[in-house]
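In the two complexes that follow, subunit A is the common piece, with subunit B as its partner first and subunit C second.
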Partner chain A sequence: MPPLLEVKNLQTHFITRSGVARAVDGVTFSLERGQTLGLVGESGSGKSVTCSSIVRLLPKGSGRIVGGEVLFEGRNLLDISENEMRRIRGSQISFVTQDPMTSLNPVYSIGNQMEEPLRYHQGMRNHGQLHAKVVEALTQVGIPSPERRVKDYPHQLSGGQRQRVVTAMAIECQPSLLIADEPTTALDVTVQIQILRLLKDVQKELNLGMILVTHDLSVIARTCDKVAVMYAGRIVEEGPIDEIFARPRHPYTRSLMRAIPQIGRKEDRLYSIPGQPPDVRRLPQGCPFAPRCPDVIDRCTHEAPTEQFFGSNHRARCLRAEEMGAS
Partner chain B sequence: MTGYIVSRLIQTLVTIVGISVVVFFLARLSGDATALLIPPEATAEDREALKESLGLDDPLPVQYGIFVKGIITGDFGDSFRFGEPALDVFLDRFPNTLKLAAASAVVALLGGVSVGVLGAIRAGGFVDRLTTVIALLGQAIPSFLIGIMLILFFAVELRWLPTSGMAGPKTFIMPAIASAWYSMAALTRMTRSSMLDVMETDYIRLARLKGVPERAVIWKHAFRNALVPILSLFSLQIIFFVSGSVVIEQIFAWPGIGQLTIQAIFSRDYPLVQTIVFVTSTFLVLLNLGVDLLYAVIDPRIRLA
Partner chain C sequence: MTTSPASTVTAPKAGDTPLIELLNVTKVYTVRAGGFRGQGRQLRAVDGVSLSVPAATTLGLVGESGCGKTTLSRLLLRQEPPTTGEVRYAGKNVWSMGRGGQKDFHRQVSAVFQDPYSSLNPRHRVREIVTEPLMVNSGMSRHDREEKLQSLLSDVGLPPAAAGLYPHEFSGGQRQRIAIARAIALNPGLVVLDEPVSALDVSIRAQILNLLKELQERHQIAYVFIAHDLAAVEHMSDQMAVMYLGALVEYAPVEGLYGNPLHPYTKALLLASQPPQPGKMSLEAPLSGEVPSPLNLPSGCRFRTRCPIAEARCAELSPQLREVRPGHYVSCHLVN
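So, the complex of A and B:
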């Protein structure tokens, strides 16, 4: 049986006036049902574009998938018609978006918006049936008195509740893949933990494959089975969670870990990675991380690193990956 | 919702009272009515007698009181010029203006919205650029030129439509298009930009991520959100239609209130001016009230605030 999702050498480019931006530049990973993949990286590293590319919903006009394959249950999503793709969105592949404050349509009731996936994907028309299904989904995500919430409008709900509604909407049609694109970034810290727990529970219950996009490694540590670290449109390191945290092979991964503040560790100032992520329209020759890398050597500036494997499922794209693991 | 309706009703009432004051005093600021009604060689006594017969010798507050009483009882006094009740003179013409206004409003709204939405969903494409240029021309070309061009083409050259007058549905086509032209262009631009703003939002993205078909994304999710600014502009445009355009009426020989208003003002026909301005304004204020209530229907944030 093919894996749930297999992304092979995916390339998504944005054609802009000032040149071609290689937002996603040869991304490869796979995911099984029941597994959670954490996708980390700074803003602009290509995490979100990778997710949008999987369901082929890129900003109109400029963004284009120029190469690679997205195999979902063995079928290449890049080959199917737009109409077939639409039927997969929201039924087999669902999204939990970043900002619950702006993700719900302000002029329609919660119930009305939650009925949509059922109407469009399951052809459900019966009012009583729809209502029962919506209430059931709201109960499942822990919304109190769901019967009444159905008639409410988004502005009457708190941020945390709205994110629960978005999650309920995503799982209504029993998807097999859930993509959560920074689902907690816009929420209060206490609510963040609740939402992460909810996503985790939902995933276990439905045995979903889940992609969790975040720039927060501590979130990854708490929820994921494996991690892919992205930098400048590529996965620079990928592996099982304990492997990566115990023996990070890429200097960028190591820097990200150093940037997590820890209680008890005495430091004058918080660590941050110097410099800015590179402009994906003008990538330097050699390793794109070289200008910011604390472990840079001469070779890095002119020789592009290839992937190196450590064991069967840990890989890193660094010339010095071998020695990094040893230290 | 009830609070919203009550507050809008009170505002409407206050506005109508305000209109009655402004209309009354503005008419009297236009000059002495008797000067135009009496031959220059008339004596001072003749003048006084005329003033007395018209009720113009009373103090202003008393005259205003009579005016307000007249509004309530539906008696706006007799037109100085026509010698008939001013309301009758006005109501003789007003329905013609309203019919044309309705036709123009439909043309402007349907045309503006459909072209605007089309431009927004094809943003940057050929259709979009074409409509932007047409909309710009629409706002730049004066309506009398459009009117004359329409007559030249459809009435004189093709002989499809009658040149002027008001008789049957066919005669509405050209005047409605000519007077709707400017508004349609403005509504096109407003619809396009309002739709473009909405199409960029997160909830449109989520609707697509849910697998909502594109047609429902546009008309259900986006359009209703884009509608409030479009309606605001539209309610302003209606003013031009309802108050009647002298230019359009002149070109198409339309028996509306535009001409009547100008004549009434020039002849200082106070009762007629007061009637025209007061009734038309009140009609528009009520129309605006309707639009305000429509906002509440469209947007629950207004309804439930």
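So, the complex of A and C:
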């Protein structure tokens, strides 16, 4: 049986006035049912564009998938028609985004918008049936007194509850893949863990494959089985979560872990990564991280690193990856 | 209502006169609930808060949404008068100053905000952004201003050529450097930092925090550092205040607060901010539910609806902020 999702050498470009931005530049990964992949990286690293490319939701005009394959249950989503794609979006593959205030429509009641995917994807028409289904989904995500809540509008709910509603909507049609793009970033710290817990519970129940996009390594550590670190449109390191945290092999991953302030670690100065995130329209020759890399050598500035494998499932795109694991 | 007698909160280090002080400050807004004809209701955004910041030190301020952090920063910046209580700068009530005193206050106190994309005027070059405070508030000649501009840019780690560019030509981290240069242009005594790194990439945050610390040492600036990242607050601060729904729940020197947190809310926040460690982090939320509406405060202790150890008396009596160890204040019935 093919894996749930296999992304092969995906390339997405944006045509801008100041040149072509290679937002996603040869991304490859796979995901099984029941598995959670964490996608980390800074803004502009291509993590969100990778996700929108999977479901073909790129801004019209400027964004274009120029190469690669997205195999969902063995079928290349880049080859199918827009009509077929629409039937997959929201039913087999669904989304939870960062800001539940913008992903919910403010002028429709919760119940009303929650019925829509059921009408569209499952052809459900019976009012009683629809209502029952919506109430069931709201109960599943832990919304108290769901019969009353269906009549509420998004602004009447708190941030955490809105994110629960969005999650309920995402799982109504029993998807097999859930893409969560910074699902907890807009929430208070004590509520963040509640939502992560909810996503994990839902995943278990439906045996979902999940892609979790975040910049927060503690979210990754709490929820993921494997993690892919992105930099300048590429995955620079990928592996099982324990491996990556214990033996990171790419200097960017290592720097990122060191640069997070930690409680109880008394330091006069925080370790910081020098320089600014790269401009994907003007990438340097060689390794894109070289100008900021603490372990840079001469070769890095003119030789593009290829992927090196460590064991069957840990890979890093760095000329010195071998040595890095040793220290 | 948590009201603590102002006299109980003293400056943390003996002999230091506080640079800025809040004395039992309350800010009440009247909001219309239920449409335009609805009854005005009272929202106590800040409720009986007393705090003091000695010169050249940092007070960290944490709390979740609706806890009053933003209102507090507006009170500190004299953008909003308190409903009751006093805000004092260098011992003087900032609302009973003459025009000269007010001008002086605004020279002495500045701010850096969260979002460097919206806090800088997109139509002004960096030169105008950074030197605007100098033009308004100092009698400097054009030549002196240019010199000061160059020294400020080098202070915050920007190249001299940055002066002629517009904000959109910079990345987020560099824009925050521009905002910082502007904030320190008049050699202020106090800078209010309102979530200064929250909008930045993780890889850039440490750079900006280091810069702020360096500038504090070099220019002896006091900071009020508002943030939700507890690790960053620990790194930056001398004292720390934890707020919940408008009131202080714990206030202590940083070592005391992190080494021995007393309030159940502080403990929960610390639990939620563990360093990333796969396999060792629980998905049990340290608190259930969410912050209740500030329009409808719970009776007694305002934290009791989410408190894991609440007892019957917590619903009846509002706890007072009291000193349980030297300099360590907490407002909870169940802490001895």
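Following the convention adopted for this analysis, the second predicted complex is superposed on the first by the 324 of 327 C-alpha atoms of A that agree within 3 Å, B and C clash if a C-alpha of one lies under 4 Å from a C-alpha of the other, contacts with A are read in each partner's own complex, and residues count from 1 in each chain.
Heads up, the rule we're going with is that a contact is a pair of C-beta atoms (placed from the backbone, for glycine too) under 8 Å apart; a residue touches a chain by one contact, two chains touch by 3 or more.
Computed from a predicted structure; not experimentally measured.
Asker: So, A:88: does it touch subunit B (first), subunit C (second), both, or neither?
Answerer: After superposition on chain A, A:88 lies in contact with subunit B alone.
Asker: May I ask you to name which of subunit B and subunit C touches more residues of subunit A?
Answerer: In the superposed model, C touches more residues of subunit A.
Asker: Please indicate which partner A:106 is in contact with in the superposed arrangement: first for subunit B, second for subunit C, both, or neither.
Answerer: A:106: touches subunit B, not subunit C.
Asker: Output check: A:234 vs subunit B and subunit C. Expected answer is one of first, second, both, neither. What do you get?
Answerer: Neither partner.
Asker: So, A:315: does it touch subunit B (first), subunit C (second), both, or neither?
Answerer: A:315 sits against neither subunit B nor subunit C.
Asker: Considering only touches as defined above, state whether A:220 meets subunit B (first), subunit C (second), both or neither.
Answerer: second
Asker: State whether A:169 touches subunit B only (first), subunit C only (second), both chains, or neither.
Answerer: First partner only, subunit B.
Asker: Would you sort A:56 into first (subunit B), second (subunit C), both or neither based on which partner it touches?
Answerer: Touch partners of A:56: none, neither subunit B nor subunit C.
Asker: Hey, which residues of subunit C end up touching subunit A in the complex?
Answerer: 64-65, 171-174, 201-207, 209-210, 213, 228-232, 234-235, 258, 268-270, 272-279, 281, 283-288, 290-291, 306
Asker: What part of subunit A is in contact with subunit B in the complex they form?
Answerer: The touching residues are 55, 57, 60-61, 86-91, 94-95, 97-99, 102-109, 116-117, 120-121, 153, 155-156, 166, 169.
Asker: For the complex, which residues does subunit A have touching subunit C?
Answerer: 42-43, 158-161, 188-194, 196-197, 200, 215-218, 220-224, 241-242, 245, 255-257, 259-264, 267, 269-274, 276-277
Asker: Given the complex with subunit A, which residues does subunit B contribute to the contact?
Answerer: Subunit B reaches subunit A through residues 123-124, 201-203, 205-213, 216, 221, 224-225, 298-301, 304.
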